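For reference, chains read A, B, C and D in written order, and residue numbers begin at 1 within each chain.
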Amino acid sequence: MNRHVTELEFERGLADIRTALERLEKAEAKGGPDVVAQANKVRASYDQALTEIYRDLTPWQRVLISRHPQRPRFLDYVATLFPDFIELHGDRHFGDDGAIVGGLATFADRSVMLVGEQKGRSTKENITRNFGMPHPEGYRKAERLMRTAGKFDLPIISFIDTSGASALQDDEARGVSWAIAECLKTQANLHVPIIAVVISEGMSGGAIAIAMGNRVLMLEHAVYSVIAPEACASQLWRDVSAAPEAAAAMQVSASQLLQLGLIDRVIPEPIGGAHRDPEVAAQYVQAALREEFSLLANEGLDWTTHRYEHYRHLGRMELLMDGSQTTGNGRH
Amino acid sequence: MDFLRRARGERFRPVEQQALEQLPDDVWHKCLGCRELLYEKDFEANLHVCPRCGHHHRLTVSQRIESLADPGTFAETDHELRSLDPLGFTIRDRRYLDRLREAEESAGVPEAVVSGTASLDGRPISLAVMVMEYLGGAVGSVAGEKITRTVERACDEQRALIIVSQSGGMRMHEGLFSLMQMAKSSAALARLERAHLPYISIIADQTYGGATASWVALGDIIIAEPGARVGFSGPRVLQAIKIRLPEETQKAEFMLQHGMVDLIIPRPQLRATVSALLRHLTSHCSARKAAPAPKRRRITVRSTEARE
Amino acid sequence: MNRHVTELEFERGLADIRTALERLEKAEAKGGPDVVAQANKVRASYDQALTEIYRDLTPWQRVLISRHPQRPRFLDYVATLFPDFIELHGDRHFGDDGAIVGGLATFADRSVMLVGEQKGRSTKENITRNFGMPHPEGYRKAERLMRTAGKFDLPIISFIDTSGASALQDDEARGVSWAIAECLKTQANLHVPIIAVVISEGMSGGAIAIAMGNRVLMLEHAVYSVIAPEACASQLWRDVSAAPEAAAAMQVSASQLLQLGLIDRVIPEPIGGAHRDPEVAAQYVQAALREEFSLLANEGLDWTTHRYEHYRHLGRMELLMDGSQTTGNGRH
Amino acid sequence: MDFLRRARGERFRPVEQQALEQLPDDVWHKCLGCRELLYEKDFEANLHVCPRCGHHHRLTVSQRIESLADPGTFAETDHELRSLDPLGFTIRDRRYLDRLREAEESAGVPEAVVSGTASLDGRPISLAVMVMEYLGGAVGSVAGEKITRTVERACDEQRALIIVSQSGGMRMHEGLFSLMQMAKSSAALARLERAHLPYISIIADQTYGGATASWVALGDIIIAEPGARVGFSGPRVLQAIKIRLPEETQKAEFMLQHGMVDLIIPRPQLRATVSALLRHLTSHCSARKAAPAPKRRRITVRSTEARE
């Protein structure tokens, strides 16, 4: 576990223990059994503190974790889980967006098409990746690669990590809404299975655009939301500082969304979050994907129909009967 | 009828009720485009388009339906669907369910989508019209469900699909349920596409967010009304993320110029255009009906001699 | 017939007769039977001279006619033959190219999709239309509309009039070659019939891009060529002024191409060319299209296969047998 | 072997002949990129890529085939096709047929395309390689026919398609016959697409015109070699129409940046990449072979309880 990550506001309590531990660990190598014992004790209390902090996170705290600068990105998972990944570039129309990466790889002895949203880490990379906010050509690249996957009968795994699609003038001019809509329609039409994994931030149309999976997975501390909590707060609370309330009200965390039937599986994270142990996080993702794969591979499903039914039933509503209200749902 | 207040989306009542309350000082209306005073009867007859500057004022949902459907053919569907509050959403003790009740009262309709079947110059259509007056046309479970059912009804009953959109975006009060309506409706439209049935998407003023990025953009033909504001992030979202777009960006004319929209049609010509388009896009149906399709066979029309 | 058109170099002989005739015609209205008789005589000799000039045009002269500034454009034919045309704009990706126009119309009681290349006439219109040189988004608009036609079982009529696709840096950046290739593939896949009409200049890849008809028609004085004669001359003759020789060598005229089996029908033009009588030219085009239509409408063809075989056999070659050369062709 | 002259496209002879004529002073070659003197054996071993600056020099067609096909598996097809002179084309009394004879002599092959079948790491492929040395890779009836037959052979024999392109454009001497090769080959590629067979398009240095605007652009995966010049109008056409494009425009790297090309792969890694891509794109075939596809049935994996 890497304890040298940027600590978030709500992890403030860790700093003292960590500092003490760092001092002890320096002494540990040449110190006697006393020092080792004490170091072990402090280590245990660090782990304890971390476990307690992460036992009961608020949705807003998860929003902050999902945006943690050291949180593993799509390409970090690719490096670990898909070592033979061949990146394929371009939308064949306009450009090669850095905020969406895609290509071919092998997983569980099967060829798969990967598509994922990619944030940067350095300033330079953030510019290349547009801070993980895809341009229209990114969605068009994703759509093209998904169609290629459909043509060659390859399952698709998509990784979602975006604060939203890019929404500047050029994006409007190149039809960001159109690109997202086409992406959705293409996924709806595909006869291959799609597994979507929300790995960190899944915000708004920019997230659902590539997340129309037959199975939708989320990392434990990832968030998935109709809109960024800040934007929700600013509109409904008329106060951007109400973002934590907005995050709570919109139920953006994985466990809540599983409860609501909006996602299919929560992938656990190591204690202290994926960014404290990216290796273990990748193993958990791998294990979950393997399970999903054995599920998918064994079924001779009509994935198009399966996907239709999957999304067809999302929504909660009631039917008004004879003037009196009867609780029901929207299925027919 | 207090037209000005209604046009700003502050208040809306069904046409019948308005007629009862009509007072003499309401017969003139000030155009929102050129500030000209317009005589109400002319204004109504011109479908709320200013005869002087061409400004397209908002139509009520019943006026919109009347402007497209053959008289007396509109049969509303799914009127009984009502939103729930799946998240128990409250804003400073103000409950979403209360907000819904207020919206219904002020808009005069119980949802942001009114849907039904009708005919247009005799051709069967499945029609959905969005209602800006109801929570700013924000899309939640019921709006998404009604759009989806309208698409499915087109599939199942071999109707052409027409959706008139105007929407502020997704309804945040229903969280991810709202976002999923994009996927749900797009999946239905993919089915419609596979059935080769035509879909004409009509953009009225102020169409943003999830609606734009799903059913609005997926029309076989996309028509916008002149001057209609249309785009991805609505003005309030842009404000929240501190982005200012140049004035002309999110406009029908900008979208036409950038290849996203097929046509900009002034409202008085809209019905005739939609009718003509439907005639073309359904012409193969009548051709098929008229004569059963002959079996396909391989022949070469031209002499192979001429070719080499 | 409109005698007040710009006369081309090889029509120089007409000017004197025309001037004389113009003087007589002014007098004709108030003049006696003598004046009328003389005017008739001069009119006849004008017609005679014109007929003689147009009886035996060289390929290069036809190139000049095909580029005549007053020659009817695609939208001129649309105005006459398709009065209910509804133009549809945009490629849904980037822009709405003025050099390619498309939309729905009725012809012979059937709905059809029209797609055509459009040159301008005024300087302003020439800028909007990019002098009839389509950008990638023009071909993508054409392709989109053709796919729409395929979806709704509508025959396609395409009108070709271009000196070539636009080939500047921005066109390369937006993939002009890719756009043309996709256009070709889409036409190959369509199951609806396509009639292509080369109305004036059909130059290079920019022309064939929308000309992959089951039937290919050409106006009598239109030209259709693998490359503009000037570019051919400059490359093969190393002398741009050899363009007339290049035009002759490449056999770019309609009658030659019919003879070679490369097109299916020549549509006659009024004496003196379409630009001297656009109305009559339009009637001829209409008559030809009506005939093609009755041909197409009565056949329950597999148009995809028909088109495949149509293009499959284009090319002349021989098979070398046992070291000795035997003239043959490329079919198999 | 006179490598430098050959690299400039002035002269080309089959490898065997070259070997015979190899003289001591030919063992060093000057790199066209960095002017470094390279030892020929290293240069050959590195597939004509300069180990110092990475400049990709032209490969002969046999080297190209050897670099992709499994040893001994290449079987040439349609070698017997020869151009005719359908237009009786002469340039100042110089006949096209004479030009063809010269081209064959200097290029060592009788057409601008060499085609055949082979395997690549055991997977069956249908392969076409263009030959710049033959009339600058200009496409006429035979080149188009050979490309088309290569595509059809892929369809008919369930092979993956690989085309290595380099071409100055369409062959003007055959007039519109040449232009029609774009339509012919695209139609064949449309058939391949409908058969869901993979096509990998490889762009070598100098690929222009009709080739680019048909088969080159229609690959499922498009790979370019580093620094390869690729574009619509070739330099001589641009010169004729008096257009000067910025240096960087018609380059593989520019095309990658603008989304047209999937990958730029240095030649030494090209074979392995193509092989891996083919493994992925044909994996469904082996999956299908391994187990007969079960009948599709509608089931819902997830519990409907969890959903509402």
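The rule we apply is simple: contacts are C-beta pairs under 8 Å (C-beta built on N, C-alpha and C of every residue); 3 or more make two chains touch, one makes a residue touch a chain.
Remember, predicted model here, so these are calculated numbers, not experimental data.
For the pair subunit C and subunit D, chains touching both partners: A. Set side by side, the interfaces A-D and A-B show unequal numbers of C-beta pairs in contact, with more at A-B. Greatest Cα centroid separation from subunit D: this falls to B. Subunit B and subunit C have Cα centroids lying 41 Å from one another.
Centroids built from CA atoms put subunit D at 50 Å from subunit B. Separating the centre of subunit A from that of subunit B, both taken as means of CA atoms, is a distance of 33 Å. Those residues of subunit A in touch with two or more other chains are numbered 92-94, 174-175, 178, 314, 316. Multi-chain contact residues of subunit D (touching two or more other chains): 193, 258-260.
Under the stated contact rule, the graph of chain-to-chain touches falls outside the line, ring, star and complete shapes.
Pairwise chain contacts in this structure: A-B, A-C, A-D, B-C, C-D. The touching residues of subunit A, counted against subunit B in their complex, run 164-165, 167-169, 171-178, 180-182, 184-185, 187-189, 204-205, 207-209, 212, 224-228, 230-232, 234-237, 240, 246, 249-252, 257, 260, 262, 307-308, 311-312, 314-321, 325, 327, 330, 332. Taken together, the subunit B residues at the contact with subunit C in this complex read 193, 196, 198, 220-221, 256-263, 273, 276-277, 279-284, 287, 293-302, 304, 306-308. Looking at the complex, you find that subunit D touches subunit C at residues 80-84, 86-87, 89-92, 110, 140-142, 144-145, 148-149, 169-184, 186-191, 193-194, 209-210, 212-218, 231-233, 236-241, 243, 245-246, 249-250, 254-255, 258-260. The residues of subunit C lying in touch with subunit B in their complex are 84, 86-96, 104, 106, 110-111, 137, 141, 148, 151-154, 214-215, 261, 264, 295, 299-302, 305-306, 309-310, 313-314, 316, 329, 331. Every residue of subunit A that touches subunit C in the complex is listed here, in rising order: 92-94, 136, 140, 174-175, 178.
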